[in-house]
Amino acid sequence: MQKIAELMRAKAVELLQSSKAERVLAWRAGEFFYDNAPAAFNDVDACQEIVYNEFCPANLAKYLIEATKQQKKTVVFLKPCDTYGVNQLLKDHRIKREYFYAVGTPCSGMLDVKKIKELGAKAITQITCEDNKVIVETPYGTKEFAKEEVLLDKCMMCKGNEYKIADEELGEKLEPIQFVGDRFAAVKAIEAMSAEERFAFWQEELSKCIRCNACRDICPACSCEQCIFDNQEAPVGGKAAADDVEEQLFHLIRAYHVAGRCVGCGECARVCPQGVKLGLLNLKFIKDINQFYGAYQAGEDATTPSPLVSYKENDPEAEEAVQRRG
Amino acid sequence: MQKIGVFVCWCGSNIAGTVDVAAVVEAVKKIPDVAYAVDYKYMCSEEGQKIIKDAVEEYGLDRIVVCSCSPRMHEATFRKCAESIGINPYMVEIANIREQCSWVLKDVKVATEKAIQLAKAAIAKVRFNNPLHPGQSQVVKRALVIGGGIAGIQTALDIADAGYKVDILEKEPTIGGKMAQIDKTFPTLDCSACILTPKMVDAACHENITIHTYSDLEAVSGYVGNFDVTIRKKARSVKADICSGCGICTEKCPARKTPSEFDEGLRNRGAIYIPFAQAIPKVPVIDREACLKFKTGKCGVCSIVCPNGAIDYTQEDELITEKYGAIVLATGFELIDLENYGNLGYGRSKNVITSMQLERLTNAAGPTEGHLVCPASGKEPKSVVIVSCVGSRDTSGRGKTYCSKVCCMYNAKHAMYIREKYPNVDVTVFYIDVRTPGKGFDEFQRRAVEEYGVHYVRGQVGKIMSDKEGNLTVFASDLNSGRHLMLNPDLVVLACAVKPAKDARKLASMLTASIDTNDFYVEAHPKLRPVESPTAGIFLSGMCQGPKDIPETVSQAGAAAAKVIGLLAKDKLMTNPCTAKCNEQICSGCLTCTNVCPYGAISGVEKEVVTLNGTREKRVVAVVNEALCQGCGACTVACPSASMDLQGFTNKQILAEVDALC
Amino acid sequence: MVINNKERAEMLRQLAGTNVSLCIQCGRCSANCPVAWKMDVLPHRFVYELLNGGNVDVLLEAKSPWKCLSCFSCAERCPKGVSPAAIMEAVRLTHIRAQGNNKLNPADLENYDDKMPQQAIVAAFRKFNK
Amino acid sequence: MLKDAAKFEPKIVAFCCNWCSYAGADGAGTARKNYPANVKIIKVPCSCRVNPMFILRAFQRGADGVILCGCHPGDCHYSTGNYYTRRRMALLMSMLNFMGVAEDRFRVEWVSAAEGAKFAEVMNDFVVQITALGENVKLRDLRCKK
C-alpha cells in the first residue's frame, strides 16, 4: 500500500503539472495514521501530503459534486468500490464527466480500527498487513489478527477489484478479498425471525439513533440540492423537532429514499457513531429488488434506469412479492 | 385569514335521509377559518348555487367546500358557480357525502359522523388550494374511427358530413363488419346487405373519409385534441391502385383449404380472396399462411392470371403516422367460443350450428345460395330447434354473466323466416325468458308464435347427442308442463352469447380507455355520458360498449359522432391545470422524473437558478411542459428531493387530508 | 314438533346448503338429468319450490330423490352454480332423520371403489336404509 | 357522548385513483353496496401519485389500516402509473414486514370503475382484518424503546 501512495503522489503531481487538472481529491493523514480523511490538494507541493493505506475507507465520489459546480477539472482517486458511487452520481446528473479525471486505485480491503481496539490492541503505533495477517504494534507488544477479523464490515461485502469507471489505473490490480460470504446473510437472519422479534430488533437498533445525519451526508445516492428532511414542503414533514413523523420514521424513509439508487457501499453504517445497523435496511431493498425484478447493481454503469423507475407487465403484486420472499 | 364557506347538500333525501345535515353544518362551523356554513335541499340547483354566490358576497369567502355527491357528478358545476362570482374554480373542494357516505351507510349517527370527517378532510385540503389557470391546446381537426362495421361506418359518415376529416381503421380486408354477414334484420325482416352496402359505398366515396383496411393500431400517444397515432397497414400482397377487382386470381388460386371467415367456416376460400362480393375495397388479399407461394416458393398462379400485374409478393407492412383530435372505438363484437359447452354437441355434429352460421345458410350470397340445408347431409331439415341463452346469463364461469340482448329477437327472426320459406319445417325455440323491449319488438316476437306457429317452450336444452348416422337427440325440459322432453330435430341453432372483439383489451391499454371485467369499454357515466370513455377524446360506438342491436348501434354511432363534432368544432381546448410543477430552487437536475413520465412532458433544461443560499447558479433542472402533462403524479414520487409537486394534489394537500382523517 | 311449510322449506335450504336464490329457472338441470324420464317431480322444481317457499310436501312425497343418481350433471350444467343434487340429498336426509334406522353396515364401505364421489356413497346409504 | 370502549373502531384510510377506484367507490355507493364507515377515501389522480411517505404518515398519525386502490395493471388511465405503484408498494410492504410493523395493515388492491361490488367487498374484508388486528401502535413505537 505504501508503494501505491507513492504512485498516487507522482500521478497527482504529473496531472497537475500537465494542466490536465486543477486539483486533486485524495486522503490526508489525520491525528493518527488510522484516521485518514478526504482532502483536496490544489498544488504540487500539497500533493506530498497525500496518504494511502488500509485506513482510507472514505469514498471521494461525492466531492465531485462541488468540483462540477465549480467547473474545476479534478483528479479523483477511486478504489474499485468507490467507482459505483461515481457512476450513480453520473446517472443522477449530479456530476459531469468532463470535470473529473478518475484514477483507479488498487485496494486490498480497509481495516476497522474499532474492531482492532475491541480485540484488545491499545495505544496502537503501527499496523502492517501481510497476506491475510494483520500485525499490530503497540507499546505492550505485537498482536496478530486474521484479516477477516478486523476488516471493515463493508469490505466483507467487497464487490471485487474491477473499476467501473476510470481514466487510468494505478499499478496492478490487487487480489480481491477472499472472505466475501453471502452479503445478505444478516438480512436473511432477520427475515427468519418472527414478526415480534423483527420489531424488537429494529426498535432496539433505531432507538440508538441520535439523528446526526452522518449516514445521509456520506451517502453517494443522497446528493440532492436540499434533502427532503430539510424541506418543509416535502411529504415527510418538517424538521425533526417540528414533526415526529420524521423523527420516528427517519431510517425507513432514508432507506426507501435511496432504494434503487443505493450502490451498497456500506458507508452509512460505517460512519454511524451509534453503530446502528442501518446498512441492513439498504441491503434488504437491494435483496428485494434483485429477487422481485431481477439482478440489479446500482452504479454498475451510468445509464441503466433504476428498477423503481422501470417496470415489467408481469411484476409480482405487493402481497405476492412479500410471500415469494417467504 | 382564510374564509372558507361550507355548503352541505341534502340531495333531497339521498343525503339528508341518512346524514343529519344540520349536525354537519354545526360541526364544521366550529372549525377555524370556516366563515360560513349552511345546508340546502339541492345545492346543485339554481337556487342552491345562488346561496353559494350570495354567501361569497356577504361573507367574503375565498374558498368553498361543498358536501354533496361525488365530484365526478357536480365538481364542474360548483367550479363554474365559483368562477361566476370571481373565485378561482380550483378553490373549490367537494366532500363526497353521498356515494361514500349516505348511500353506503344506514345508521344516521354513524353516517353523520363520517360526513363530518369527510367535510373536515375537504376543509383541511382546501386551505392549501391555490388558484390554478388552465392553459390552452390546439385541436387537430381530424378523427380516427377504429372499426369499420356499421357502428364505425355510421360514426365516420356523420363526422364527415359535418365537414371534418375522418379515417376508418379496419383490421379485416374489408369494411362492413358483422352486419355484412347477417341475412335479414329485425324487426322489419329487410335485407341486411341492402341497407348496409350503400352506406359502405357512401363511406368509400366520401371526400372526407379515408379507409385503412387490413390495418392495425400500432401506437398511440398524446391527449385529447392531439393524438399521435401510428397505423400498421399490413401487406395485402396486392397493389390496390392497380387491381381492378376482377377476382380471377381468387378463382384460380389452388390453395383452397382455408375455411372462409366470412361464411363462418361453411365453405372454404382461396389463399388469395375477397371476403365477399360487395367488399370495400374490392381488392383481394393474400393470406400468407395459406399461400403456396409463401409456404413453398412454388405456385404464383395469381400473379400469372392477373391481367394488371397487381400481385406483389414482396409487399411489406407499411407504417403511417397521423394526428387526430378524437378517437372513436367501434370495435364491435364476436360470438363466444363454445368449448365450454361440449354438452350441446357443437363441433361434434355439423348439424349443430351457431346463429351466425344460420345467417350464412339462409343468405342468398351464402354457401348454399340461401337454401336452408343441414350441413352434414345437405338435405333440407324437417325440424329445427333453436336454443337461446347459450353462454349468456351464466355465472358458473363457463360463459358470460350478462344477457346478450339481441338473441331473443334474432331467434324470433330466424324462426319466422324458416317458417316463411319452409312452412313444413317445425321450429321449436327453447327459452328462459323472452326479452323483447323495443319499438315493435314484442309484436315481432308474437308474430312468430301467432302467425308462423313457432313453438316456444319455456325450458332449456340440457344436452344434444348425435348418433353414428348424425341423427340428433335433444334432451330438454318443458317447465310449464313439468315434462322432460326428448326431440329429434335435423338442425339445432345455438344462440351464442356475444363478447367484445378479441383485441378490445389491448386497444384499451393503448388508448388508456377504461374496460370492464367482460372487456366491454366503460362509458364516462352509465346514464349521462354513454358514448364517451372516461379518457378525454376517446368515444364509444356500438357493441364494444355493451350488447346492442343495429338500431341502437346506429343511434349510438350518431351520438358518438355528435360528441366528436362538438370537440373538433372547438379551436382550442382548455387543458387541465392540475399539472406537475418543479421547484427549480431545490431541483437537483437528476431527471429521475423523466423516466416515469408517460407523456415525455419533462425535460432537463440548463437554467440560471437562485440557490437556497441566495446565489445564482447555472444548472440543469427539470421543466414540465404543461401542455403535455396530464397530471398523473408519477414524477412527484420518483423525485428524490420532493422538488416535483402536483398542482391540485400537492404533498401538503394530501397530507392535510391524511392528518384530518387519522 | 309441528313445523309449517315455510319452516320446512328453510330447513331443507339449510340442509342442502346451496343458494337457491341464484336460480333463473332455465330448467337445464331437468334437461340434463339422465333419469329425468323416470322422475315424478323434475329437479328444477326442487329448486323452485324452495326458492318461492312453495309446496315442500310435493318434494318430500316425491319419488325423484330415490331415482336420483347423485351424478351431479344438474349442478354441473347449472349456469348459476345451484346444485339441485344437494336438495335431493337434503330431502333424502330429511326422510332418514325421520326414520332413524340404519340397516346398512358401514363396514361394507371398504368394498366401494374409492373413486366414487363421497356424496354418491352417502346417498347410497340413505337409499338402501330407507 | 362516550364511545363504547369495548368496541374497537379502526381508522382506515383508502387512497383511490380518480379514474378507476374512486369511480368504483362511486359505483359501490350508487348500487348501495354497504361498507363500514371506518373507511375514508382520499382521492388521488393516479395510484402512482401516492408517495410511500403518505402511507407511513397515515400510520404514524394513527391510521390502523391503509389501503391503496388503483386501476388494474394494464388499465391505468395514464398507461403506466400503476406499474410503478406496484413496484413501490411491493418494496414498501416487504420493508414493513422486515421491520415487523404494519405489513398486514397495508394492502394494495386493483379495483376498476366497473367493480363497485368488488370495492365494497374489499373494504368489508379489510375492515374485518384490521379490526381483528386491533390498534396500530408499532410504527409509532419504532424508535421509542422503553
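Chains here go by letter, A, B, C and D, matching the order in which they are written, and residues are numbered from 1 within each.
We adopt the following convention: contacts are C-beta pairs under 8 Å (C-beta built on N, C-alpha and C of every residue); 3 or more make two chains touch, one makes a residue touch a chain.
Computed from a predicted model, the values in this text were never measured in an experiment.
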| item | value |
| --- | --- |
| Chain pair showing more contacts of the two, B-D and B-C | B-D |
| Distance from the mean Cα position of subunit C to that of subunit A, given in whole angstrom | 73 |
| Between subunit D and subunit B, distance of the C-alpha-averaged centres to the nearest whole Å | 29 |
| Computed distance of Cα centres, subunit C from subunit B, in Å | 45 |
| Distance between the centres, which are taken as Cα means, of subunit B and subunit A, whole angstrom | 53 |
| For subunit D, residues contacting two or more additional chains | 51-52, 54, 57, 61, 74, 80, 84, 88 |
| Multi-chain contact residues (two or more partners), subunit A | 234-237, 308-309 |
| Per-residue multi-chain contacts in subunit C, two or more chains | none |
| Each pair of chains that touches, named by its two labels | A-B, A-D, B-C, B-D |
| Subunit D residues touching subunit B - in the complex, by the definition given at the top | 11, 13, 19-20, 22-23, 25-26, 28-30, 32-35, 37, 40-46, 48-52, 54, 57-58, 61-63, 71, 74-81, 84, 88, 112-115, 120 |
| Subunit C contact footprint on subunit B (complex, rising order) | 343, 389, 393-396, 398-399, 432-433, 458-463, 475-479, 482-486 |
| In the complex with subunit B, residue positions of subunit C that touch it | 22, 24-33, 36-37, 39, 41-42, 44-45, 73, 77-81 |
| Parts of subunit B lying in touch with subunit A, wherever the complex brings them together | 583, 585-592, 595-596, 604, 611-612, 617, 619-620, 638, 640-643, 645, 650-652, 654-655 |
| Subunit A to subunit D touching residues, read off their complex | 187, 190-191, 193, 195-204, 206-207, 209, 234-237, 244-245, 247-250, 252-253, 255-256, 259, 281, 284-285, 288-289, 292-293, 307-309, 311-313, 315-319, 321-322, 325 |
